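Same chain, two partners: subunit A is paired with subunit B first, then with subunit C.
And now, the complex of A and B:
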């Protein structure tokens, strides 16, 4: 039974996380402390609960998704602990909350099936829009729920409970709702999107009305870029929707059209926003403004380079020199301390998650489940590509979290729910 | 803690990470029968519905044997009034995709010719069932 292999690997991932924390302890000269046991127990509790929930609520779900996710979260927590032990403690709590949310999702879906989400597609759209708009709330009014601006991007809400402030990025949940809405919408409207096309000489030209969804999402992405100054979310939104349109219709026109619009939007944004301009300059030549815009990318490169093949060793590098090493640049920190070998293993683990996700989509027979699986996997994959590519200078840097590894509670929660939905779909499609 | 021991532990950690990734990858490969696909290369066992009132864009991969028809019990359920309950069978063995008509009322057409015996398919072949056209990719 494959669920047993999953259980063994989940224990293995927890063990690796604890082993990594041990290495950090040893490297700093100190003795091995309680953090090792705590990390092991909390990982086992978190991923173990999801694994048990699968046995109970979705026994036919693929056993291949949870283990690589556990490994990624494990390597992530080691690096977070190394950089900031207090944050690592918080992240462990978020891991438990995420696992609880995944379990709750599986339990809820056990009674209703994933199809229930299709019925509430318009509610999903309204919910996603509302969540995306929440950070635009005033920062300084009396109401306890406030918007918040961090690093020039307006993505946060703060729930002011008097004694403590709870910070949350609603966009992390909104993108899941948006994907589910799109999957339902495309599953229902698909015939209208695939029609006979006109010919113009040797070229096949799509009907004008087929281009409407492309234009709508293009304007929406630009809106996100202007209103929230978030290049990453804007790109993520556009790429995922275009890829889903292609997945739903097999019309290559959506890809070429999307690419052209992306180029037009990119050039336009470069011309009109100086924060986009700075990003592009820092990408092409981070050393031209080493002290300024290029500093983060340059430090990331130094980190990756000094990591060499086998890495400096956990706790023995200087990833603390990289700005935002806990969040956006966690991959540079991992590359420095675990080396090229560790970085390749991480990329391989992401590759496996994406392969399993698309595998679920390809073998799914129901249109909604197929598109939902494809969309959820795309969100995960595009996000990983954008930030890994940004750190490695493949694409301009867009501030976006690396799924499961970056420090951040909302993202952890969102990714656990994403995984639960994929697992549920694979259970329903397994025969 | 001597440096040599620490270095050794670090390398063991990396080795264990690779062992983990390898186990997951091998398990996935055996699960989806990736070995068979790799051997036969791009054998063209994916079928896409290219023309249909309601199902254009639907695609599926033929592993072993797949029955296509109007019955909800068929592996691939066609929404086409001219299709029979169990219309045809697609098999994929040793890198060859074969279509067999299961005695359907309106027949199965491959590249426009009505099928009388099972036929091997190649990439780009069109299979017509009623008003539905599928293409081998």
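And now, the complex of A and C:
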């Protein structure tokens, strides 16, 4: 049965992660230590729990989603361990927390299904907006919840508990709420968005009213860019919403209109913001300003190029030379040590997740489920594309986490919940 | 609604296709370019921590090897156990200070083949040995060390060749430095210290620096005279204390300001033995710039020599001399604008010793693999004939008499027939360079060399080639020939 195959593959992914940690141990000349066993046990515990939850709460869910996610998280943890063993330890805890959140999500929806979310439509919009705004809280007030700025982007909140600081990126959860709100909203409002049309000479143009959602999103995205100086989140937000509008209405005008607004916003942002200009310059020719703006991208490319076909081997490359190798540039680190072979496997695993996600959307039972599945898949796909494209110089670099691989707890949590929702929708489609 | 979703999926997968295309470009097509980019620190790190091949001397002494680092089985430290005498030959490979010498020139042979470049992967698939290759140099440790010791820290150089094979037996530049200094963590500071050192230990005085050859160039002028048949060893010349330069009031005088012999006339042979400037000034004008240039070029002047690293081009400025007899006269005694590397002057001695045939100087004898099997054997490469065997043997005889009864007596080695020519190259405002070129044994030459001591060395103003350079040559001959 397929659930058994899934279980076997999840055990395999855990084994692979543990094997990778073993190789890193050997490469550093040390002995194989407890980290190997710990990695295996925690992966098995995390993904195994989700797998068991699926048997219990969503037995007909696709078995093709969890194994590639396990593989990606496994390769990610090996590379994080190789770069910073302490962070790898933290990341394992986040993996467990993410798995627990996914299990909770599945359990919550066991009786009423994913449709239960439609009840909280407007609450999710408010929640998403509030979460997006949280990092704008003052950084230095007495209240223990503070905004925080990292690398020039205002994306973080800190829960100051005296002894420890808990850092969290609320945007990682906000984007899920936004997708679910949009799915519910568009499922309810679709007729109004499609029917009205007006003629302007030979062209059929949409009612101006129809363009309002597009403009709202555009302004919202620009707001994120200006207030939080985060190009990645801004682009992700805009792209996903435009794509969902298109999916809901089949109006190609949303895509072309979106593209035009994207270009306009891009040109405007390029003219107005130094940090956007620097990113574009570094994208076009990172080697011309090697010591400056291009340094990070150039180091990533040097890492990838040095890895070549078979890679240096886990622990044997020098990904520590790449700035932000733990987060934005984890893919360059993986490419250096696992080589072209490993990097292609990673891209293929992401492709598989995305393909399965779109498949769930296509076969989903109703409009809400289709839109929710498509939106969640788009969030995952666009985010993956933006950061991989940034590292590989396909698009300008936008600092954004690579799902399941980059070090970071909020993203891990968000992506586990995203996977749980997709799995639940796939369970419901077949009934 | 499935239509738009499918189209969105298509767009996403086109994007993923672009990612794969770019990934293929970076990691496969252009990978070697990025790997070898000088700004990619990995290259230098890999060079300095991966295992590299051995460099050994002709007699099997280890000059460079990679030692595994304690506690890190994959990482190696490059060490140069044979000391500073060998640095100008072996060079170094350093993460922080770059590379030089054979380490740089043969980097492709010496490097680890486990880099997993495309070519390494193909080699691995074909089942080839992936262990680094090793070099055996032509350097003889006895000659190399004797020459370095004989220079005794004075600024200068010694190049010794096997006259019948072109093998470089010694390649010494002094002062030198311990290459191990540039391998450590403080390599950058050490390198700066060497750069700031007024004695310029990083300078390769054997091939990088040009010097006026002084009277050693008389060997070339004499060769041109003999080869052209314009003069023989018994040809007679006026024995003057001063030679008036044509078209000028200046004169060329002999070293001690006196006539060469007893006055009257002197033979070419005697003039060569006593290094008479007045005779060679006249001879240069008699033989002519074209003829001297022909021989000089055949010996290696005015051209680029094949060598593991760039050799400064020695100069005989024919074009400036054709219509300027005064300049030609000065050039005939190796002054004015004539310039030569020490390696070039060793080639002059080599050609005379080898019956007139010039051989390409070679520093590497063979490349061998980890099993000791020869992968590449390098053999003698003729550069061309400069002299007929007859002219060469007459010149050899004249050079032998320089050592037995002339200015080069201090180059003599008991029981060995040594031939040579001294040189004392004047330079304005500083003590002269002391030169000696020669070979031994005369009846069956096994070693030819050139010795240079810059600006008189320890002897200062009183330095001459016979006083300062000839004794160094004697020690080198002795080290190689009397065992």
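One rule holds in what follows: the second predicted complex is superposed on the first by the 422 of 431 C-alpha atoms of A that agree within 3 Å, B and C clash if a C-alpha of one lies under 4 Å from a C-alpha of the other, contacts with A are read in each partner's own complex, and residues count from 1 in each chain.
Rule of thumb we're sticking to: a residue touches a chain if its C-beta (ideal position, glycine included) is under 8 Å from a C-beta of that chain, and two chains touch if they have at least 3 such contacts.
Worth saying up front: this structure is predicted, and the values here are computed from it rather than measured.
> Check the residue A:306 against both partner chains and state whether it touches subunit B (first), subunit C (second), both, or neither.
A:306: touches subunit C, not subunit B.
> Of the partners subunit B and subunit C, which touch A:393 in the superposed model: first, second, both, neither?
Touch status of A:393: second partner only.
> Would you sort A:367 into first (subunit B), second (subunit C), both or neither based on which partner it touches?
In the superposition, A:367 touches subunit B and subunit C alike.
> Look at A:385 in the shared chain and tell me whether it touches subunit B only, subunit C only, both, or neither; answer first, second, both or neither.
second
> Once chain A of both complexes is superposed, is A:87 in touch with subunit B (first), subunit C (second), both, or neither?
neither
> For A:64, decide between first (touching subunit B), second (touching subunit C), both and neither.
A:64 sits against subunit B, while subunit C stays out of touch.
> For A:278, is the partner it touches subunit B (first), subunit C (second), both, or none of the two (neither)?
neither
> On the A-aligned overlay, A:345 touches which partner chain: subunit B = first, subunit C = second, or both, or neither?
In the superposition, A:345 contacts subunit B only.
> Contact-wise, after the overlay, does A:318 reach subunit B, subunit C, both or neither (first, second, both, neither)?
Second partner only, subunit C.
> Can you list the residues of subunit A that meet both subunit B and subunit C?
Residues 27, 29, 248-250, 310-311, 339, 355, 362, 367, which sit in both footprints.
> Touching subunit B in the complex: which residues of subunit A?
2, 5, 9, 12-13, 16, 19-20, 22-23, 26-27, 29, 62-64, 67-68, 71, 75, 190-191, 194, 248-250, 310-311, 313-314, 338-339, 341-342, 345, 348-349, 352, 355-356, 359, 362-363, 365, 367
> Going by the contact rule set out above, which residues of subunit B touch subunit A in the complex?
Where subunit B meets subunit A, its residues are 1, 6-7, 9-11, 13-14, 16-18, 20-21, 23-25, 27-28, 31-32, 48, 50, 53-54, 56-61, 76-77.
> Using the touch definition up top, name the residues of subunit C that touch subunit A in the complex.
Those in contact with subunit A are residues 1-6, 8-9, 12-13, 15-16, 18-20, 22-24, 26-28, 30-35, 37, 39-43, 45-46, 71-74, 116-118, 121.
> Taking the touch rule as given, give the residues of subunit A at its contact with subunit C in the complex, in rising order.
Interface residues on subunit A, with respect to subunit C: 27-29, 243, 246-250, 287, 290, 298, 301-312, 316-318, 321, 335, 339-340, 343-344, 347, 350-351, 354-355, 358, 361-362, 367, 370-371, 374, 378, 381-382, 385, 388-389, 392-394.
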